[in-house]
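Alright, structures below, take your time with them.
The two complexes that follow have chain A in common; it is paired with chain B in the first and with chain C in the second.
After this line comes the complex of A and B, so read on.
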């Protein structure tokens, strides 16, 4: 079994998939860190020597003024204001500069779309490429059961997801540490916000060190990527062409991003997997797409989708006639 | 141990309402090369895919060395090596890595065995290169090396000479004969070329529209269908003498076609010469696959 997984990894390496992924990460990271450093310079210039507390206070006032004209965003804005107020009251700088802060923001923004996209590069042709190359005929006429063949591929996928997340973390640490300096790992971050009936519930709020917060973020990012990877894996079995699988999965991810901002009154949309991919929002305390969704709920929905996709994958793969 | 290495019984495949394969049954023995002959679309490839476990039969059983592939798939497959259609290998890996990849999927293949098959197919010089740089002939050879890795008892090759140049075809034929005669393998090859099968195989099954219409030794099959084309001078006299000796099947301008008989052909020639006929040409002619089909199916055209 282990050697079968090694086979799969050898093929992925042979296709230079991980090099492509690493290159994409490096290019994007360089762009973002540069943009970030330009932005903080601009902010510094504009504010001069203004204390961050004053700035935060200013932002809260800004938002309060905007409240009356915010329309459907009103609830969300109010929650954000409350959260900032909490930071201010407890004397916690929400944007302590340094590599960890950058990584925190970067992971938060890439977990929903960017990381799953990278995983798709690997997952979407894991089976369909064997089919289009014709090598599947050799693979399935060996004295190895189809179940084992597919299982070795899936294990290779899990390892690839882990490797991609690790690469992502490592590269973003290296690049941002060079750009912003390696400080602020133990800075406190607030987490545990929950939203109930449009109200920010701060009963569960606690302070954790930034490093621990980032670790949790990476855990969630890993899970999101694994779910998207598993779904792509299923598509790669169901569809002959990798391009069709890629397109379908992309459409799902993008529709998820769009839906999340407009389904607040469509209750049953919360059972769609793509609406549940915003796990990061639960950590930072933004309002969920549909009222009443919690981190536990989203994890459960994603897990059910993932298990369903696995069941479909294995059933179809083991029965399918190969022409 | 029995001599039967592959036995197929009542094999049937139905897709939707169409019956693709109708109750095929045959048995292959150790050390023989068995040909699967039929036009494109006759069901050769579908049958082969069922034999190697890529397609599940609707009914019937397939046994490789006595092991039913639907019940003991992995055990049965360890006795089988195959190439289905083109020898598709991973183009982004080297030949050696391709072999290692497939060796891992068989149990207990040593590095020495890999070297051995590489030498057997004469690929030592290029085995470290990427498969994407190989010619079709080299891919074919690497495909065979891959199929032989596990020392199979049965080797199944789908159109093994497809796309090879004449010298490649000759080499492949010799190699297949070698495997059957020296190594005692059972080799099943499919082809749509009668000529091909005639030069390679001991026995042949002719398949049309999903049915085996005849299984026989190549010798029997051909000798009953072989023709002799004569060019005689003077033509009219020659024709009447020949007509008294055997059946005249057809006449063309300047030539006469009769059945071929190894035993009698020399005698006919002597009698013609004695009657004062000059025999300009005696030409033994293999039936074309088309003719053979027309003959066997009773005028049913290939479609």
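After this line comes the complex of A and C, so read on.
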């Protein structure tokens, strides 16, 4: 079994997919860190050399002014303003300068779309490429059960997802530490905000250290990526063409991003997996797409979809005629 | 590909996998089951005011302070900052203007701790207030009776007093410049009556301000008296860039002319 997994990993490494993924991460990170440093320069230019309280107060007022023209984002903005006001009232800097703060924001923004996309690069042709290249016959003529063959592929996928998230964390640490300095790991973060009936609920708010917050973020990001990876894995079994699987998965992810902002009145949409990918929002305390969704609910929905995809994958793969 | 290398990567990936599982489990524990202990949250204290090199300007007020109608979005406060920088001063400008703010809302805003602290650091406080009280969302235009104006005015003046008292309580030394009102409706049919209402409000504001030290009333009525339309934005209510520059020029002259230099 172990040698089967190693065999699969070797194939993946041979395709140099991880190099491509690392290159993508590096390019994007350079863009984002540069944009971020430009932004803080612009703030400095506008306000002069000021402390963070002044900057935060200015930002709150700027957002208050945007409220009247915010349209459908009004509630979100209102909640964000209240949250920042809470930070200000409790003397906690929401964006302590340094690498950890950047990583925190970057993971939060990439967990829903960017990381799953990277995972798809690996997952989407795990089986279909073997079919299109014809190597699957060689694989299945070995004296191992089909179940074990597929299981080894799936374990290789789990390992790859872990590796990608690690790569992502390592690279974002290295680049942002160079740009912003490596300090602020123990800086406090306020968490536990929740939204009830469009109002910010501060009953469960607590302080955690930034390092703990980031590790938990990575845990959730890993889970999101694994779910998307598993679904792509299923598609690579169901569809002969990798491009078709990629397209389908991409459509799902993008529709999830769009749906999340417009399903607030369509209650049953909350059982779709793509609406539940925003696990990070529960940590930061922004309003969920559908009123009443919680972290537990989203995790459960995602887990059910994942298990379903696994069941379909194994049933189809074990019964399918390979020719 | 050496199998040793692959084995190493596999083990490494497995360790990473465990790490992320740990993170996931921890997140689930914290956010689903509840965090172990909730340490007391710090509350913003009265820290010693940092010594600022820069000359600090805090602008308070309504859409005029915010800069509504200005194509660059700076408003008079932004242009004052620009003019002072051209003079070689090191200026730090904090603009706390909020569109549609009334004097009553301003008294609320001043109760916020951080706003209080910002004013405490200021060398100069700029302020526009009263326009929304008088305009009353457009209601006043259809009800220009002396009684209505008087009742609006009484409420406004009472709020203005508590605003100035709060500013003075936060900062005893800063010079406070309060900009007067102008009449954007001069050209309308009821222009005579709106103008007289604005003039009488300005007069009452001056009277109130005279009760406070280092507090300067800066008229704007005259700036918009001639060719009003040239200096107003397309909404015929807010100034445009030219209008804001006029206001800023007057303020900057007052500030550099000894009115506020430390």
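Operating definition for what follows: the second predicted complex is superposed on the first by the 316 of 323 C-alpha atoms of A that agree within 3 Å, B and C clash if a C-alpha of one lies under 4 Å from a C-alpha of the other, contacts with A are read in each partner's own complex, and residues count from 1 in each chain.
Going forward, contacts are C-beta pairs under 8 Å (C-beta built on N, C-alpha and C of every residue); 3 or more make two chains touch, one makes a residue touch a chain.
Just so it is clear, the structure is predicted and the values come from calculations on it, not from any experiment.
Participant: Based on the shared chain A superposition, would you classify chain B and chain C as clashing or fitting together?
Facilitator: fit
Participant: Any idea whether chain B or chain C touches more of chain A?
Facilitator: C
Participant: Return first, second, both or neither, reflecting whether A:6 touches chain B, chain C, both chains, or no partner chain.
Facilitator: After superposition on chain A, A:6 lies in contact with both partners, chain B and chain C.
Participant: Could you say whether A:240 touches chain B, chain C, both of them, or neither, answering first, second, both or neither?
Facilitator: neither
Participant: Could you tell me if A:64 is touching chain B, chain C, both of them or neither one (first, second, both, neither)?
Facilitator: Only chain C; A:64 stays clear of chain B.
Participant: Is A:135 in contact with chain B, with chain C, with both, or with neither (first, second, both, neither)?
Facilitator: Once the two structures are laid over each other on A, A:135 reaches chain B alone.
Participant: Quick one: classify A:89 as touching chain B (first), chain C (second), both or neither.
Facilitator: Touch status of A:89: second partner only.
Participant: Tell me which partner A:38 touches in the superposition: chain B (first), chain C (second), both or neither.
Facilitator: Touch status of A:38: no partner.
Participant: After lining up the shared chain so the two structures overlap, which partner does A:295 touch, if you call chain B first and chain C second: first, second, both or neither?
Facilitator: Only chain C; A:295 stays clear of chain B.
Participant: Considering the aligned complexes, could you tell me the closest Cα pair distance between chain B and chain C in angstrom?
Facilitator: 8
Participant: Overlap the chain B and chain C contact sets on chain A and report the shared residues.
Facilitator: 6, 10, 14
Participant: Quick one: which bits of chain B touch chain A in the complex? Just the residue numbers, please.
Facilitator: Against chain A, the touching part of chain B is residues 49, 52-56, 73-78, 80, 82, 84-86, 88-93, 97, 101-102, 104-107, 146, 150.
Participant: Note which residues of chain C are touching chain A in the complex, please.
Facilitator: Going by the criterion above, the answer is residues 1, 3, 6-7, 9-10, 12-14, 16-17, 19-28, 30-32, 34-35, 38-39, 41-45, 50, 53-54, 56, 66, 90-100, 112-115, 117-118.
Participant: Which residues of chain A touch chain B in the complex?
Facilitator: Going by the criterion above, the answer is residues 3-4, 6-7, 10-11, 14-16, 133-135, 137-145, 319, 321-323.
Participant: Mind listing the chain A positions that touch chain C in their complex?
Facilitator: 5-6, 9-10, 13-14, 46-51, 53-54, 56-58, 61, 64-65, 68, 85, 88-92, 158-163, 165-166, 190, 192, 204-208, 212, 215-223, 282-283, 295-296, 299
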